[in-house]
Amino acid sequence: MTSAAPIRVGVLGAKGKVGRAMCEAVEKADDLELVVGVDQGDRIEGIVDQRTQVVIDFTHPDVVMDNLHFLISNGIHAVVGTTGFDDTRLAQVQSWLDANPGVGVLIAPNFAIGAVLSMRFAAAAARFFDSVEVIELHHPNKADAPSGTAYRTAGLIAEAREKAGLGASPDATTTELEGARGADVSGVRVHSVRLAGLVAHQEVLLGTQGETLTIRHDSIDRNSFAPGVLLGVREIAQRPGLTVGIDPLLDL
Amino acid sequence: MTSAAPIRVGVLGAKGKVGRAMCEAVEKADDLELVVGVDQGDRIEGIVDQRTQVVIDFTHPDVVMDNLHFLISNGIHAVVGTTGFDDTRLAQVQSWLDANPGVGVLIAPNFAIGAVLSMRFAAAAARFFDSVEVIELHHPNKADAPSGTAYRTAGLIAEAREKAGLGASPDATTTELEGARGADVSGVRVHSVRLAGLVAHQEVLLGTQGETLTIRHDSIDRNSFAPGVLLGVREIAQRPGLTVGIDPLLDL
Amino acid sequence: MTSAAPIRVGVLGAKGKVGRAMCEAVEKADDLELVVGVDQGDRIEGIVDQRTQVVIDFTHPDVVMDNLHFLISNGIHAVVGTTGFDDTRLAQVQSWLDANPGVGVLIAPNFAIGAVLSMRFAAAAARFFDSVEVIELHHPNKADAPSGTAYRTAGLIAEAREKAGLGASPDATTTELEGARGADVSGVRVHSVRLAGLVAHQEVLLGTQGETLTIRHDSIDRNSFAPGVLLGVREIAQRPGLTVGIDPLLDL
Amino acid sequence: MTSAAPIRVGVLGAKGKVGRAMCEAVEKADDLELVVGVDQGDRIEGIVDQRTQVVIDFTHPDVVMDNLHFLISNGIHAVVGTTGFDDTRLAQVQSWLDANPGVGVLIAPNFAIGAVLSMRFAAAAARFFDSVEVIELHHPNKADAPSGTAYRTAGLIAEAREKAGLGASPDATTTELEGARGADVSGVRVHSVRLAGLVAHQEVLLGTQGETLTIRHDSIDRNSFAPGVLLGVREIAQRPGLTVGIDPLLDL
């Protein structure tokens, strides 16, 4: 972060909502320099002309593979938030990278560092506590309950507990009004709150005799992916090959 | 609390678990004096001999009516936490009080001031918020879910919302894993968490555009009724007749 | 809220940032109808032409008095968020209202219902708890610490405790790193947190033997005044004369 | 936890307050067997007679060194919560262990797993957030502010931030009532709340653009060290040599 010259960064999809937010975030960072923004109709070769080191891609599944082929072939690292990567696509990217061994590509479905840390901490702590439950809280326009993040969190916790030989959390409930004890996700109780005035929040509660540990993540802004993307931009040059998800960058 | 002479207090059921805690609490209070403790086998007349002004009764449904008859007849105020008062019993106490108009008796099922305040505040706030949900959290040995307090809280909130012409809290959920959205108590969603390391806790979340109000009560000690009982002892002399529940003493 | 015809509402300062938000909020409400928006250069008489019943004024101290004189003279109720009302101005408005006894005017410095309720609940609860402290949490660009709301909250709590004969909250601290125990506002400890990712939040913690009560307000949106303004619009017709602050509308 | 035979456990200081709690905890655990309890006046050789595998020592600085010499010489593992270990004492224990290479000794000043995890998670997360502050909350009889745990937590956070090249958390405060912004511990703001009804609690708040991560630990029971001690008992046989603090056992 104190390197002599700033990293030269380009943004693909620079006029989209997310792309513009990313351009702003890069411009604000002292150690990064926005050298080129490319959108539909622009020449992608501008990226090479500007000696770009890392490109951020928030575009569309229809064009992202062409983008990546171009970037990898030209020795440019990429941080990709575009969706639609299945195993076939990941294998294709991997083969391009095999042919260009110095290049790093990070593809992540979720750049919210806080959410990823929450899940990792919850999973790491799970084996030390008798009980664990998850409460996720969102705005009332959300269609699914529980949230995708809560499903993943509960899954990781369940895996950690099973590995440690722990059974179900203790629960003496004999009289329950339907739904009171929440949903059962892999044996972990998950409660979904929907409330005006909220955005996206999650709380993991872990408890044992006389003590509890609570890990809470609050996201109140659609731009909360920016710090995760910038982390990727800063680190991808040191991580040649394909990285999926930001977890490996967090060094936990 | 700055009155010249301390109030002369007696405790019935003085050797029981709760009774002993009450004796201790009275002894610690500067404005109260413990003048007599009575238990099975002791002469109840000792209360009169000691010119007791207020008696605390945590005894048994089998004996509490005899106790009250004795106290009211002798012009002694009473604060009663003993259970088992139905309408017939309350009418009987009322008739004794009609015959002794200067005497005050407080009978309450729940002396936890924080719990009672929480319910009152939640009900008072309910009509100003689009959304409301209740989360109650208890130790894993609890048999019923939701808790009795959560039922009452949700009921009071539902009543306040109906009176204000509010419909259901907004909720766009179309895909729900069974139980995720909690139990429906009078139209209010209630979530019950059971976790080792907890005792008795409740959170009411109220939300409207851009803001939320959270009212949380934590009880970690079986003695948390003591401040409520002492409040009753201090105020009952100024409240002749029958008072049911500590709510009227809270002057909200 | 179930009245036959919607209330006919006008907005003064309709093109300003707050005015536009108010126009939107009125349009979204089923029981209100936006009949006229007036800004600089528009004829204020349009308000009368449209048979407006209540006008919302978020304009400027330079013009608000002329606005109010016009509205009151024409028998139109007003809900005013414009700043700059001192005693002289309030007396002037009162004298206009004396001459038009059916008209209601609400002037409030803070329309955030949740913030006002928090303060009122904290003050109402204060006398029942041995201890109380305030934590306020804001974005790191805030210049003052504590916040104005925290000052007012602590002041109301201190007043309630003094009236109840309570001394200082117990505190055995003998070794303190400077500042650890917060600021002293009227004898109440106030802690100010400044954190990226926050907007405006406040927590009042009240505690006594074995139990605590926490009242928390979270505001994440500059539009969180809208519900309070709409409450004023709905109720001002039933409150002829001058009302200062939204507290009286909350019926606590 | 599913090993064939339970671990044979002895307790030194078995009649002290902590010792009795440890005896109970061992008896409740299916995978552990309490084979001997020793206190002042008892023969320490009973530990050998009972073929004890691991001994828990919560005794006194005056006797703990003799205990450890005896245990190590006899090839018995030890988990030690007794205080008073300085560098000289640790070096002595190390030399005894060098002579008995199969034996493991765990000496820890704090067995509260939740507290240790909190610190570790806070330190691991610190480099990803612009801002961080610590709030610790305790009962009002505590003499020092901030708590020792808060000092250590802030120290670990400061170290992680410095290593990552982060400067101070952003803070635009220009007008501060003395103490409002808390104490400065290694550049991290720490706020100490003292409140009746609390026991020992700590919250680390980390924030960046649009999101916050909160790690909270609540301890409401003096027995909350038991799970940490049992963890030590279960793992010390696989960790020959000297282990200081339970951190290495948590595999983070």
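Labels A, B, C and D are assigned to the chains in the order they are written; within every chain, residues are numbered from 1.
The rule is simple: a contact is a pair of C-beta atoms (placed from the backbone, for glycine too) under 8 Å apart; a residue touches a chain by one contact, two chains touch by 3 or more.
Note that the structure is a prediction, hence the values are computed from the model and not measured.
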*So which has more C-beta pairs touching, B-D or A-D?*
A-D
*Taking each chain's C-alpha mean as its centre, the one farthest from chain A*: B
*asked:* Could you work out how far the Cα centre of chain B sits from that of chain D, in whole Å?
replied: 39
_Averaging over Cα atoms per chain, report the distance between chain A and chain D in Å._
33
*In chain C, residues with contacts to at least two other chains*: 129, 197, 206, 208-212, 218, 220-221, 224
*What topology does the chain contact graph adopt: line, ring, star, complete, or other?*
complete
*asked:* Under the definition above, what is the set of chain B residues touching chain D in their complex?
replied: 197, 199, 218, 220-221, 224
*What part of chain D is in contact with chain A in the complex they form?*
1-2, 112-115, 117-118, 121, 124-125, 128-129, 164-166, 206, 208-224, 226-227, 231, 250, 252
*asked:* Help me check something: in the complex, which residues belonging to chain D touch chain C?
replied: 129-133, 135, 137, 140-146, 169-185, 189-198, 205-212
